[in-house]
Each structure stands twice: as C-alpha cells, then as structure tokens.
Amino acid sequence: MRVGVLTGGGDCPGLNAVIRAVVRKGVSTYGYEFVGFRDGWRGPLENVTVPLGVDDVRGILPRGGTILKSSRTNPFKIEGGVERIKENLASNGVDALIAIGGEDTLGVATKLSDLGVNVVGVPKTIDNDLSGTDFTFGFDTAVNIAMEAIDRLHTTAESHHRVLVVEVMGRHAGWIALHAGLAGGANVVLIPEMPFDITKVCEYVEHRFQTNYSPILVVSEGAVPMEGGDMTVQSGELDAFGHVRLGGIGDRLAKEIEDRTGKEARAVVLGHVQRGGTPTAFDRWLATRFGLQAITAVHEKDYGTMVALRGTDIVRVPLIEGTGELKLVQPEQYAEAEVFFG
Amino acid sequence: MRVGVLTGGGDCPGLNAVIRAVVRKGVSTYGYEFVGFRDGWRGPLENVTVPLGVDDVRGILPRGGTILKSSRTNPFKIEGGVERIKENLASNGVDALIAIGGEDTLGVATKLSDLGVNVVGVPKTIDNDLSGTDFTFGFDTAVNIAMEAIDRLHTTAESHHRVLVVEVMGRHAGWIALHAGLAGGANVVLIPEMPFDITKVCEYVEHRFQTNYSPILVVSEGAVPMEGGDMTVQSGELDAFGHVRLGGIGDRLAKEIEDRTGKEARAVVLGHVQRGGTPTAFDRWLATRFGLQAITAVHEKDYGTMVALRGTDIVRVPLIEGTGELKLVQPEQYAEAEVFFG
Amino acid sequence: MRVGVLTGGGDCPGLNAVIRAVVRKGVSTYGYEFVGFRDGWRGPLENVTVPLGVDDVRGILPRGGTILKSSRTNPFKIEGGVERIKENLASNGVDALIAIGGEDTLGVATKLSDLGVNVVGVPKTIDNDLSGTDFTFGFDTAVNIAMEAIDRLHTTAESHHRVLVVEVMGRHAGWIALHAGLAGGANVVLIPEMPFDITKVCEYVEHRFQTNYSPILVVSEGAVPMEGGDMTVQSGELDAFGHVRLGGIGDRLAKEIEDRTGKEARAVVLGHVQRGGTPTAFDRWLATRFGLQAITAVHEKDYGTMVALRGTDIVRVPLIEGTGELKLVQPEQYAEAEVFFG
Amino acid sequence: MRVGVLTGGGDCPGLNAVIRAVVRKGVSTYGYEFVGFRDGWRGPLENVTVPLGVDDVRGILPRGGTILKSSRTNPFKIEGGVERIKENLASNGVDALIAIGGEDTLGVATKLSDLGVNVVGVPKTIDNDLSGTDFTFGFDTAVNIAMEAIDRLHTTAESHHRVLVVEVMGRHAGWIALHAGLAGGANVVLIPEMPFDITKVCEYVEHRFQTNYSPILVVSEGAVPMEGGDMTVQSGELDAFGHVRLGGIGDRLAKEIEDRTGKEARAVVLGHVQRGGTPTAFDRWLATRFGLQAITAVHEKDYGTMVALRGTDIVRVPLIEGTGELKLVQPEQYAEAEVFFG
C-alpha cells in the first residue's frame, strides 16, 4: 500500500505534526509506504514528489510551516487537470491520498473523491472557520500570539493615553479576534460577522479616556463598517489577490479614530507572524491526533471522509461537511463576551 | 444580592480570570455586590474577607495565582465548622457562594449545598482529572510549560548521548505527561494509571542509543513501577503531606537507568513552575467562560451545580458529578499515542 | 532628603525596574523620601505628583510601561515653564530629581542642571542610539521580540515562495534592525544610516528565489531609498507627528518588490509590540543597576551626570554626553554582519 | 586552506551560531574549506569527521545544542593522544583548528597550541565564569529561563504562604543565580563564592512571613553552608561525576527550612532546561560575532588566541587568559544587589 500526502493553502502551525503522525503510524503499524507531493495540488498535477519516510519526518513536530510546501493550485481550473492527477497517482503507485488543507483544498478533495480517487481529508484553517470540527489546529497558536501582543500593548496603552488597534487574521470569521480579545482583555472587538458603527466605536474611545484608561481595540482583517457608517479614511488599492496593500482596516481605523477624537491612535498589524513558528501544545496534540486518525481511515478504506474534533474525540465526517458552509461567530457567542467590551 | 467568592486548593493559572469574569458580569449585568473570602474555606470559616469590586479585579486576567489566596482548610474536619460558615455567610449578607476549586473544595461545596447553602462550583485542577468536564483551566498552561521544557531538552539529548527524564505533575492521572509527551515528542511516557516495567524501559533506552538517538522520558510524579518490578533506587523519606522530599520518581528513575544501562542519565523536576505564571489563551478563555456561566447560574438560582466544558459549550452539571470519580487516562487513549513511544 | 522621580518620552521595558531600584535603595540604604511626578516633565510643571514609597514599587519589576506614566512635554517650550518647575520642586520639598528618559527628556534635564536644579539622568531609548553608554535598557527586549517574529516568519517563507518584509523600530539608527536581523538570520537588513538601492534589493530577491529559498528582509522604520533610487510606491500622508500613517517603508517596500519582481511579498509592521510587555533579564539587570547607581549619585551629590554602561560596569558621565550626538551604526559594524546579507 | 571545527564540554545555546558564522564567512569571504570533528576532542583523536559546508549550517542559527555533538574527552589523558590528533589533522589536510569550548576544551587547545598546532579558541560556558571576556554566550539564555521560572513562582508564592527554593546552575560561580535572582526579584540569593548561614536564612524566611509575603530563594547548585553552619539534611550519594544525585542543595535547603521554620517549602531544580533550546538574541549576536572573529583570526594566522567580548567590541586575547583563573562574583558585585535581598 502506498499513500500520498499533500498540504494546500496558507501555512499553519501543526501541518508538520499531521504529516509526521501519518507517516509514523502508517509505517510502524500498517507497514505502508509514502509519497510526498510538493506544493499542494501542484504536486500530483505536475508529478513533483519528495521522499516521505520515517527519517524525513524526524524532528519536524515543533516546526511551523510544512516540509511538503504549499500552493493554491486548483486542478479543476486547469485543462485536463483531473486526468493528469489520476495518471500521476497511478504512475506513483498511490492507492490513497491524504489531503491536508482548508476550504479550497478539501473542496478539490471532495470533487476528486466523487470522481473515484481514494482520498481522506484533514481540515486546516488558522481562522477556525471550517464546519464539522470544534477546532482546527493552528488556531490556538494564532490566538496565543495575538494575545501576547495585546498583553504587551496594555503597558504602552497605560503609560501613554493612546488608542491602540490590533489587526488580527480573519477574513470571513472573527474567531481569532474574539478569542484573542477575550483572552487579552481588549476593550473593543470588531469582527466580520457584525459590521461596526464607527460613531459608537469613537464614543466608547472617548468614554474610556474619561475614566482614565486607554482603550485597546482588536479588529479582524475582514471587519467592515456598517452600511451608511461612512469612514472618511479610505483603503489603498487592492493587490492581485484582493488584499488591501497600503492601509488595511487596522490602519484605517486608527487614523479614523485619531481624526474623529483627536486622541493619538496607533495600529499594530500582526499579519504573517500569527501563522508561523512553533505550534502550541494544543495544536500539536490536535494535529497529531488528526494525522493518526487520517491514516487509520485510509487503513479502513473509509474514503471521502475528513477527520474532526468533537469534544475530546477525533471522529470522521463526510468530506462535504467540512467544505459546505463557513463556521461563523454566532450572535450569542459574541454577546457572551460582550460584557467585557464597550 | 450579595455573592461570596472563594478559591481553594493548589493555585492554578486562570483562577483570577474566573474571579474577574464573575465580578464583571455580576456587577454590570445583574447589579450584584461581592464579598471575597480569603484562603479558601478558611475565609468563611474565620470570617476573613476582602473587598471584591470591579476595581479589585482590574488587570488580573493575565496574572497567575489567585488574588483571594488559597488554603486546604476543610470545615468538615473542624468542630462546629459548618455552623460558623453559615453564620459568617449570614453576617456578611451573602445570599450565594461561588466556590472555585478541585475535588476537595467542591466536595465541601457539595456537602454544604446538601445542608442548604446556595453554592455554585467552578472546577479547578491543573491535573485535568475532574470528571464532568472535557478540560479544566490551568491544564493547558501546565502542558505548554512542560512541552517547552521537553523542546529545550531535545537539543541537549542530541548533543550528548545522555538520557533525560522529565518529571511532570500528576499524582493520580497522567494527563499532563501524556499531552506534554505527545506534544514534545518524548520517547517514553510513564503514567500512574499504568505501572511501568523498569526492565522494558531500560531495554528501550539501550535500543534507542543503538539507533544513535538519545531518549527523553516523561514521567508523572505519581507513576510507579509494576509490582515485582523492583527498583533498586529507593525514595527518600516522606514529608507531612506524603510527598517524597529527596528523590521523587524522576530522580530515582534517572539513577536506576544509569545504574542498569551505564548511560549517563539526568532528571528535570519541573514542579511548581508548571502551575505558576500567566495562563495561555485557552485557559483564559475557558476560565473566563466558566466565570460568566457561574454567575449566570447564581442569577438563575441554579444552585448545587458546577460549570463544565462540553465540546465548545459551557454547561452546568450537578456538583456531585465533579467530585465523584477521578477522570483517568483510559487504556485506549494511551494506546492511541503509543505509536510514538518505545 | 526628598527625591523626585519622573519618566519622559516613549515607554520602554525597564522603566519600572529603574524606579523600583531607586526607591528600594533610597529608602533602605539612605533613608530618603520620594515624590513621583506624573507624565514626564508635565508632572513638575503642573505639580501632578503620586506617592512613591516601597509599597508603591512592589511587584513592578517584571511589568512593562511606567507607573509614573509619560509624556513628551517640554517645559522650555512653555512660557514660564522653568520657573514653575523650580517652584513646584521647592513646594514639594524636593532636593534632587532623577529624570529617566531619552534625548529630549535628558536635554531638558541638562538645561535645568545648568540652571541650578539638582538632577541626575538615566538614559532611556529603545533604539539604543544614545551616546555615552554601551547599551540602553529596553533595546534587548525589542530585539528579542523582533527576532522571535523573524523566527516565526522563516517557516512561512519556506513554505510559500514568498518575500517577507519586517519593519522594526529605529527612526534614525538601525540598531534594532541590525541586531534582530543578525539574530534572526535575515537575508537583507536596511537601516537609516545607509540609504538602499531598490534595484539591488530586487536583484537579490530574484537571486534568492533562483536558489530556491524565500528571502526575509528587515527594515528600520527610518530606512530610505538612495537618492535617485526612485521607488514608484509612494507613502501616504503624514500625521501630526511626522509619521507616515498609511504605508510606511515596510508596506511600500513589499509592494515595490512585488511590482518589480512579480513575486508575492508581504510586510509585517511590528510597531508598538516591540516596546511593551515584560523586560528581558538583560534589561531588568541593566535598568536595576542604572537605578541603583542613580540614587547613589544623588547621595554623593554628583549632579549633572547620567549613568551609563561600560562593559559590565555602571559609570557616570556628564549629562551632556548622553544628549549630544546620536550613536549611529558605523559602516564597519554593518560590514561585519554583511557576510550574512545579500 | 582547510579549517577544522569542534565543540567540547557541556552544550550551550549559541554553539550552532558560532559554527554557522565560521563557515559562512570562511567560505564566502576567504574561500576556505571546512572539516567538522565530532564529539569534541574525540573527533580529531579518533578521526571522526562530518561534512561542514554552507548547506550543513543552513537553518541552525536558532537551534540549541551543537550539530557537531560534544564530549569531555581529553587527549592528554590518553596514551599517544596528542600524536594521533596531529596525524589526523594532517591526514584531513587541516591547516588550522577552531576549538569552541570551556575551561577544559580550551585548556587542551592551549597545550596543543604550545605544541605547534594552529588553533584559535572560542570561549563557551553557560556559567559565565571564564576570565578574559565580559560575557560568554549561553549565559543570557540560561538567565532568562531561570528568571521566567522565578516570575512564574511569584504567583504561587503569593497565593500559598509557601517558601520556594529555585536551584540554578553554577558549580563554582554564582553568576546565573545573581543575575536571575536580581532580574526575577528573588528575596535571597545564595552563591558558591559566599558560604551561607542557614540560621540567618531561616530568620529571614520567618521575618518575611511576618510581613505577609512568601519568600523566593535562588541558590546556585554549588552553594554551600558556612563551616560550622550545620545542615541536618544531608545530601544523597554522589554519582561518578561528583554530582549529588538524590537531594542537591535546592532540595536539601527546602527541607531544612521546612524542618526549622515549620513553613511549607518546595524546591524547583531547573537543571538541563537552562542549557537547551533556542538562544536569546544577545547570545545569537555574541556567538555569531565570536564565530566571525575566530575565522578572521585564522585568516590572519593569529593562532594561540581566543576571541572575547569587551564592551561592545570583539577582541582577541591569548588562549591562556581564558583558561587561567575562573571569573567569580566579587564581594562588591554581590553587595551592589544585596539591597534587594534579606
């Protein structure tokens, strides 16, 4: 039995832990051989492989990133892509494929599964917005990094009568902002699910200063003002990937608050720092268990599934469950934490 | 409405986060007043109180320990203890009590509840061995500290052909050892639930050296050799609390391995370092949500309950559930991880 | 004997350690009393004082920021400012003043000293650009935070074929960029002292990709392109303090590299995260020893001096030495590290 | 030109940074080739070599330990050892040798230099007790780890009315204890240079409890009671290396304090955790600059020297300077910090 492994999408602390667990158990318990495919779906598409044995996964548990590297290649957008993948899997003698990735990567996995490829998925998103699993690995690491940044900013905020805005990841879902804001003791948390009222934000900022404390705001990169809530400060041009390059929401918000309240305001945009580096214990534990469960699923020929966390159990759910709807912050979840905000 | 709050047993990162959440929501949402009792059950027993308002809980979220201090006082072991507690609660005008603690503290809470005291429990144990909740706060912090120590030791083990033994907390349950060992990539994990065979441990150590790697062993403080598995190295005398003072299992194991295999072996006993300091994001999030739920339970007069985590939900269960049986590592949970050991 | 203490300018990890050392030794060794002045020179100017005894400095050693708060108030720019300061010092019975701050704060101290005020200075700048001392406290903390960010980014750079630009503090001097870049293994370090050639930077980026590695660039916030080296991407408008608000050099550089090379590029702007939070051991040791030496200088009536580090000794130098020229990165110091760059 | 490199003695964060700097500059600036010798002096003695090119040192800057591994082999204690080393250096075409290590390793280097071997030394000791250099790399990392442990213990000490003893490294010199104790805000620091009076230590402990604070003591592993100051608690047997195996000074001190004062006391023995793991920025900077200077010394044929830090300069001193006397904590250095103790 030969099993292929690939990682797709943005990197995420814990990817290497999944790969290591898959290979370690696959080799020692089931006697499998492995083929690593490079750069996500580009690997099986262009037949770019790397050796993947026990020695190749030694020492990678604490390392961020992915030894298989990653890309956003989508074979369904490439003429004859699916056929080439099938051919390359066959020519490498690959009987089953473990695909580790987010919405896009697992979306491709789902379609390939429907087309007869033996595939097991491992959900991955640092934003924690995949349905079907309580948590995804990488999220805990990101939240801790953001929380530590907020911890550090508290001392500056206290010493300087200054507004501090922390922009964290989360294009569609506010999980990182909500958890890091709650854990870091932020005063305002703005998330994509709930468009914010800039007037109210500024009122709160002024109120906070009157009680002699400097406010810290946490904002998801995907947070947006309410319709009609006009922000004067506009973002810069978009890049090819749709990201605002000069002046994301964090920078704009800081400037808008400064303009409206006259209080000095500064933004910290954590960016890629949140997704690199060594995973936390929780993420290593979760990623390792995901890997163990994925190779067991292969062994049991339970294809078309993805692994998931439910409570403290690792279970399997149909691949489609992980790629259907995004898991968003619900109003009652935001409301639960709101006692600390505003 | 006046609500009393106390913390009992060993300290644990997250206690202050619970206290803060209770007070913040109690004051702002319900308009309650609070009384802090010092040193666990000694507070209401001897009527030692501290002020507990919004200003008193400011800035404590990231701080380890407990602003209410703690003790192991058990009022049921003191003549007239229960009556004095009831009197002191009455004299302070306390309508309900939130007791934050482990098996012992919640055991007292359960009995007091049966005797008519309005009490809500918040489970606390760094060892994660309380039934009725998926996780307890403080555990994630302890596991991360232990994992970071193991991460550091890997480089020494690799540079020196030396056996390293890490003793972690866990007198009855091996959760910290299992999680930290899995997350840190330990080669052997010994837990109280599964008495170990010293001969096999030493065989593994020698095997590992033959393949040119130095082994790292993680051992719970409560791990014991199998019956008949005689360790030559004996522990030192016990102290008044039943703790071995000179030569716990970590030190003994290192010496025994050195004696048997001739390989240099060293122990690191992490001890109190695991339970102090700032909580991780997970523990702050969990402790904060426990606090919010506890004060809501008081508001709903849902006494005799304790709060608990199930998946990502905070629920309430009867107090007795948290104080019945210990939650131990099950054989299949150990077996899941065993592919990385031995 | 009554001694006043104030902190001016931007906050910096270690300020509280200085204050604590001054007060602890002043009280226990010399029997002095202390007056804390709030918000830098605004304190003695407007007579805003806070109590400053042994109890007030308890537990502040590990805390970032300053319990005395800070501002950029300059009494020489205020009508009658100097007289008011002298009056307020007198009315508080203050015999000597310890001023903790950077170029601006110590510049005021120097002038006041010339006008007969008994003042001792403690140099403070996170940028490490004050003459007369080997290092200033806060710098080591900032470098470690920047280095940890670079460590994290390495894994992302390796997994993604992506250029990462890290903007660190340093408006006039490149010390943080140089030390963090050296310690973090950056591939390019751009500092204010040496205007950069954007064409060469891009050539290096492309060269690096050809050898299959993704480059990490560290850039001081004050770095500028060479004259004639035209960057197409312009910065946004300046704020009242002369800071570029939308699009600092980090963001601009990332975009310019992307435009010129076609490689995806991202910037991380660490900002205030570098100056908050708990100080490193080095900074606590240095700040504490600065404080001890400052109060000894007061005891010896050695006014008009500031404390400084020379090797492992704490010495005193005339105040003017700390406020004369900025200490810049010298060409040979940059050249020493250059073997790792480009 | 071919240059040999070896690392001897205990591992220390920064060893890999030295190796990397030596190789990177040696190859790119001077066009040298390198031979790595394994396991300290055992490498050239038994002709155990490893490849050491630019690719071999890639990514090792942040990693603790040493890719060349280490041992305590002393060729002067082995019949014909020196001749074999000379032969093996010759057979490998090695023109010069860079020896990275402490007193023992550099002692061998000094003698070999006298016997005509072209050798340059790089001083290494985590204890910081080598003469001739302001600091050695690894020390700053160890002090930070110890300080973080003390930070964590403060919260437990405050919550529990409990004495906490932290045993840190330092067999002959108290540098780690002094710096970590000062940076961590310890209440008592006991070092090898100044035998302690157990009666006074216990008096202080009781005094501290009367003022309602729990004491934290930091003790070097090599600290000893004063002559005549009889400790009842005896240490356990010694191991082959002269280390006390069960019951070092930390454990003994905790028990003795508990016996004498009746207060609960606990010891934390940090052990190997202090010497493993990633180096701090200071240690990476220092180790890197040591490496750069060492290869420059080779290029200039300045043999029989070792590199050293003086202020912020890297200089060269005769090898004998680093291996003469130990650098101990001087009474005035201890006295400077003593205002915080007792």
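Points worth noting:
The letters A, B, C and D name the chains in turn, as written, and every chain counts its residues from 1.
Throughout what follows, contacts are C-beta pairs under 8 Å (C-beta built on N, C-alpha and C of every residue); 3 or more make two chains touch, one makes a residue touch a chain.
Just so we're clear, the structure is a prediction, and the values are computed from it rather than from any experiment.
Taking the mean Cα position of each chain as its centre, A sits at the greatest distance from chain D.
When the C-beta pairs in contact are tallied for A-B and for A-C, the bigger tally goes to A-C. Centre-to-centre spacing of chain A and chain D amounts to 41 Å, using the average Cα coordinate of each chain. Chain C has its Cα centroid 34 Å from the Cα centroid of chain A. Shared interface positions of chain A, i.e. residues touching 2 or more other chains, are given as 151, 154.
Across the complex, chain A is touched by residues 24-25, 28-29, 59, 61-62, 134-135, 140, 143-144, 147, 151, 154, 179-180, 182-185, 278, 280-282, 284-285, 288-289, 292, 310-312, 336, 339-340 of chain B. Here chain A touches chain C in the complex through residues 10-11, 13, 15, 63-66, 69-71, 145, 148-149, 151-156, 158-161, 164, 233, 236, 239, 241, 245-247, 251-252, 254-255, 258, 264, 266-273, 275-277, going by the rule given at the top.
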